[in-house]
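Some structures are shown below for you to check.
The same subunit A turns up in both complexes below, where it pairs with subunit B and then with subunit C.
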Partner chain A sequence: MRLLVYITKRLLLVIPTLIGVSFVCFALVRVLPGNPVYFIVGPYATEEEIAKVKTELGFDRPIPEQYLIYLDNVLHGDLGYAWHTSQPVADDIKQRLPLTIELATISLIITLIVAVPLGVISAVQRGSWVDNIARVVAVVGVSMPMFWSGLLLIYMFFYKLDWAPPPMGAIDLLIEAPPRVTGMILLDSLISGNWEAFGSAISHLVLPAITLALPMIGSITRMTRSSMAEVLHSDYVRTATAFGLPRRTVIYRDALQNALLPVVTMIGVLYGFALGGAVLVEMIFGLTGMGSYSFGSIMNLDYAGVQGVVLLVAIIFVIINLLVDITYAIIDPRISY
Partner chain B sequence: MTVVDDVALGDAGRPWWGARLWKRVEYPAYIIRRNPVTLFGFAVVVLFVIVGLAAPLLATHDPTAVSPADALKSPSREFWFGTDQYGRDVYSRVIHATRVDLFIALSSVGLAFTIGTVLGALAGYYGGATDMLLMRIVDVIMAFPPFILAMGTAAALGAGMANIIYVVALIQAPIYVRLARGEILSAKERAYADAARCLGNSGPRIIFGHLLPNCIPPILVQVAVNLSWAILNAAGLSFIGLGVRPPTAEWGLMINEGMSFMLSGQLWLVLFPGMAIFITILGFNLLADGLRDVFDPRLRW
Partner chain C sequence: MTKRFVNFAILVALLIALVPGAAMAAPPPQEEEGQTYVIQKDDWLSKLAEKYLGDVEAWPAILLATNKMAETDPELNRIDYADIVEVGWMVWIPGDAEAEELLAEYRGEVLPAEATEADPGQTLIVAVPGDLEGWDPATSTYFTSNEMIQTLYDRLVEYEVKEGADGNLYPAQAGGTVDNRYADTTKFKGMLAETYGVSDDGLTWTFNLREGVKFSSGNELTAADVEYSFDRSLNMGKGILNTMLSFAGITDPAQTVVVDDYTFQIQLEEPNNLLLHILSLGSNSGVLDSQVVEAQVTPDDPYAEKWLRNHVVGSGPYVMEKYEPGNQVVYVANEDYWKGAPTLKKVIYKTVPSAQTRLTLLLNGAIDIAYDIPGQDLTNTLNGAEGVKVVSFPAPSTTVFFTNNTVAPYDDVKVRKALCYAVPYEALIDNVLYGLGKPALGPVAYGVAYQKAVNECTYDPEKAKALLAEAGLSDGFDMTLTYREGRPEEEMTAVFLQAELANYGINVELEKIQTAAWSERRSAKTIIAGLDGYTPYAPDPTYVMNFWYITDAVLNTWVYSNPRVDELTAMSVVEPDPAKIEAYIGEAQTIIGEEQPVAWLFNPNWNLAMRNNVQGYIFYPDRATRHHVLYK
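Here is the complex of A and B:
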């Protein structure tokens, strides 16, 4: 029952946050200097032309009214028009969003698979060679800029070793892409049972996902290690050991569960990081997701596209944090709100 | 009283203010000396600052001088890190970029730290409606993935060095607001805060004279971490074309410009600027770990 109250409260708190987020995005589009009027009329427009376009776009109305119009448009799925793709921004994003989500999710899975065991072993066997490797990985991972490590991986595995496919697209050009169901290429190839496409997509996504995962592996390894070390020193673990439980049981049943709680809270933050990093990684690997779309919009001074991406990614991030908080409340009964 | 004792007991040769100063730096200095990794981080950061300040002396060429005859030369005795497609010396550009990135990092973190800490301290001490409003604003800023908000804001403001500084400060300020607010919330319940109030000190005087100085150490760890984030974000923004404008040398921008030559074998255009970012960030991170050991031993690892 308390849990239900908490979930309701947390859901209600999302509303002001989303209003705030939409207002910030509105401000980025309309109020700040780079507003679209000047892009439309060009640098040599007369005062009258500017005024005319302003009226057309509704820029002469009071700001609160403009905000309401913006909100109304967004709620109807109208994010403006991108002239560098000659499509509504919403359509562009609908096409590209799945790949970004797919990339971010794969990199998060890689992170958890590598970092959690590494952190646990490193805390259990303090001072061992695993521990030393984990510490180096942790600090090196967070210190490498993604747009650099990604390029080095391409140089190494594509240019030098020729193991990886060229960094262009999410699937080989000669292979027929699976019919679009979810838009996520791996899922779609699985659904259609197209193993050739699946293999090609995997080989195209491995390097970008690793690039995106490296800094996250660093921070999660570190977090797991310190949280595990703290739990191993706690009274209840000592009690369990004193009762004569095997060390293995104590570590992997009693200690691990609690040590992983802080890691769960980090998942939301990491997802946000992965979505932000996707901009850089997609651009390097020639993947046509939201990241390379925003980059294309920036290059073409087509700012409606960028701001559409910013709004959508922020909404996704808010929802993921909401889910993480609720999950946390469910799995950790000690927390009272 | 304690100061007098210290002078009498341990630091006979030092004037009283020297003893006081020594007390402040003694423990951190001990930690830095004791832990070689922290020492390495500290050395890298010092090196970064020195290179940034002395860039014109250390560079061997003009960082923006174009020389088509020398285009795309590999590293050699004359061009230590090779040259780019315009024949500009990569080594000199990396060195000059240090200055640019140092400036961006210091000013953006300085801005975020000052604004964030002051607002957070005031909100934490006074509470009430302003506090509520400020925290909701902080929530909204933190509802964006940081790099995405930086990208959107930079796109709206336009590229350029000054705007990068504002943008990076914007995404970092909320961290300081929350930190300072939390620290002040616990500090204002302490006995010394009551004592200061009983003596009739004004609110701002209590906050900035009594409470805040005691709240600074944990915030300092954050400063070290944030300096590295500032460099990463500034370089990332420049890399996607929203930051420093060419022909100015900046690490992220240099990587972007060199990217297309990497697959014809000219790796040095990407390797060296990236290495500079990597080593600098590594230094800040190691230093931050060391500082954390000093100020928050519970998190030692």
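Here is the complex of A and C:
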């Protein structure tokens, strides 16, 4: 019950946060040099045409008034019209978010499978070969830029070995995508039992997911390792060991649970970033998710598009932070709300 | 992945088939003409191939032959899945000669897994770098959108095609046909207009429309649709088509007249040499289905602008099937196209933002055409690459280094001349274009009628220094050179110019700005020095003057003004006598050459990297690919 009250409180706090975010974003895009009207009318337009379109779009009004109109529209569920895709921003997000969720989730799963065990083992067996590998992986993962690792993976697995499909979209061009239910191709193909589409989608997502996972693996491995090492040196672990508890129990039951707390926070933050748009990964692999959308919106100075993306990312972070806090309460009995 | 799986399935099928096949008695004699065969229990295509053609691997010949015959002969069954044939089906076993032909045709390509899927041999996959910007012909100005519009809509007239250009960068590797066809921009032919003509006074143009041309909606295209398409733009009072129609002397809806269903007239106030060029513009002069568009009109949107941005209502060789913004556009052949159905049944435009990825996809064969491949890859990576060719045509494009002609010190023609003589032209062509371009001869580029060589500038540092001294600027000055983000060629040019101009004491600061900011400042004429380029879609010098060099030209970013040039341009547009046009527009070019409003850096080629088996390419001055003439 107390948890429910807490969640409600947190959710109520979201509203001023989002209004603040929307205001800052609204102001910032308008501070950028250039005006989207010139994009919309194209390079050949005359002065009169430009003035006409400015009036049509309301850009001739004072900025505070524009903001109030925008806010009013957003509160009515209208995020505006993205002229660079010629459709409402809400539709754009609906079409693109599922792919990004898929990509971010798969790479998070890869990260957790690789990074947490690697971090734990390297903390427990410090100085061993596993530890050395883990440290190399961490450094490489964190420091290798994604556009580089992505291109390397493409070169290796698509161009040289021909194992991976062409880095072009989320599914093979000649395979009919499954009927849209969730928008996530993997889920949709499972729902419709279309194994061919499922296989194709998986094979298209593996390389981008690994690319996106590499830096996350780096930081999570490091985080797990240091946090685990710290806990292993704490008094209660020594006490437990002194009481003669088996080492396995001490490590995996007592130490790991506490060591994971900061890791959970980190995972939350990284997942938020991945969802907010893995711009480079999506560009390199020709995926149409939120990353390429935010890039397109910014490059085309599509006010509505940029504002929509920022608002969405803000909401995602709020939700993730809330989930992280709730997870804390579950993992750590000392924390209650 | 799919290919691999299908391959594997076929392999398994083969192995299973081999066992009973081997136990068979001597194969029955093969008939030269081919024969029908009814599928029995435990029959496989490869088993039949072994039995009748003597080669297990010849199974595709049976499949292709059967499917071919099945189109005309209802007794035969179409084989949709290579590994599924049912008992009782009738298939066709081809004769040896035919089987060999079919196998050659098959060329190792695995058939699509599903019958509904397109045959890879009939699908064209094109990778483009950026998002697409909508499909309204009246307002489209972006290259990719223009290219799609010209393939989805038809115009009244079009250019003739001629042969003879050398369009292949690596002739030795072209393999198939040579890509030497290009638009003859001096000759027109009817497109939607079967015939057309002009009255003796040059004022009334009559277009006799082809009968029976259908829009993708099924409606017949009539003169009312033609009138609607132009009037819509005239009434909108904005958009590039509106501007271009005004160049052609059409400013009032009253000038467009429907005589009867198949006769359309344009009434001019004075003769106009640009009219046919403008009417042939693939990007903007397409004819819309007026009934469908009018049904989408709302009080807020009287011209259905929003709706037309992502809907297509044309009569062109292709019909839009699917548009996923930022991801792909798919269009399919219009089987009833009046010129005949296109050979390639499906065209897929994929957005692939990374140039490196586009290059890799092309090399691997996953795509057929890659746009915007950097010059160094065209000349190095793709040189000698297997299965790939590069077409490279001299385009009517011009890249310029401009200064605002009204701002000191650039208001002094000596300074503009000095800058012009200071440009290392050859080095730019070699290092920026990798040799894929030519020195510019003046404001009007190659392939444009009445082009006159008026560019006196060559790389001459002594002369540049002397001119600066004459202008009293021996000590140099500061310059901010503005160019756009996302244009690596302009960036390289800017760096070259910066280094070169430093020799004259000219301190160049580079300013890279976003396209939106660029457009706003260009419109406000506040770019003092910069890099820009232009390509006239209608290769006529008056078009070039009207857009870039007359006083009121919308793209006269250099704020150049000479009343005589304005006058000569206006005179050339309405002049019927070619000799006089040449004299007028020649004089205008000479004046511009003397006053040097900009330094013409070079004429870059239009380059397109494609797979070797893409044949039939024709170059047009608007640079858009005509998909319906392509085949594989």
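Worth a mention:
Following the convention adopted for this analysis, the second predicted complex is superposed on the first by the 272 of 337 C-alpha atoms of A that agree within 3 Å, B and C clash if a C-alpha of one lies under 4 Å from a C-alpha of the other, contacts with A are read in each partner's own complex, and residues count from 1 in each chain.
Heads up, the rule we're going with is that a contact is a pair of C-beta atoms (placed from the backbone, for glycine too) under 8 Å apart; a residue touches a chain by one contact, two chains touch by 3 or more.
Nothing here was measured: the structure is a model prediction, and the numbers come from that model.
Applying the stated contact rule after C-alpha superposition, one finds that A:Y6 touches neither subunit B nor subunit C. Looking at the shared chain after the overlay, A:V53 reaches subunit C, while subunit B stays out of its contact range. Judged by the touch definition given at the top, the superposed model places A:F157 against neither subunit B nor subunit C. Contacts of A:Y328 after superposition: neither subunit B nor subunit C is touched. In the superposition on chain A, A:N300 makes contact with subunit C only, not with subunit B. Contact with subunit B, but none with subunit C, is seen for A:V313 once the two complexes are overlaid on the shared chain.
Subunit A uses residues 32-34, 151, 154-155, 158-159, 283-284, 295, 299 to touch subunit B in one structure and subunit C in the other. Those residues of subunit A that touch subunit B in the shared complex are 16-17, 20-21, 23-25, 27-29, 32-34, 135, 139-140, 142-148, 151-152, 154-155, 158-159, 222, 225-226, 229-230, 272-273, 275-277, 279-280, 283-284, 294-295, 297-299, 303, 306-307, 309-310, 313-314, 317-318, 321. Taken in their complex, subunit A has these residues touching subunit C: 32-36, 38-39, 41-50, 52-53, 81, 84-87, 92, 95-96, 151, 154-155, 158-159, 162, 165-169, 172-176, 196, 199-200, 203, 283-286, 288, 292-293, 295-296, 299-301. Interface residues of subunit C, counted against subunit A in their complex, comprise 1-2, 5, 112-114, 116-118, 120, 123, 125, 127, 130-131, 133-134, 139-142, 237-240, 243, 306, 309-310, 324-328, 348, 350-354, 356-357, 360-361, 363-364, 366-367, 486, 513-520, 522-523, 547, 554-555.
Subunit B contributes residues 136-137, 139-141, 143-149, 151-153, 155-158, 228, 232, 235-236, 239-242, 252, 255-256, 259, 262-263, 265, 267, 270-271, 273-274, 277-278, 281-282, 285-286, 289, 298-299, 301 to its touches with subunit A in the complex.
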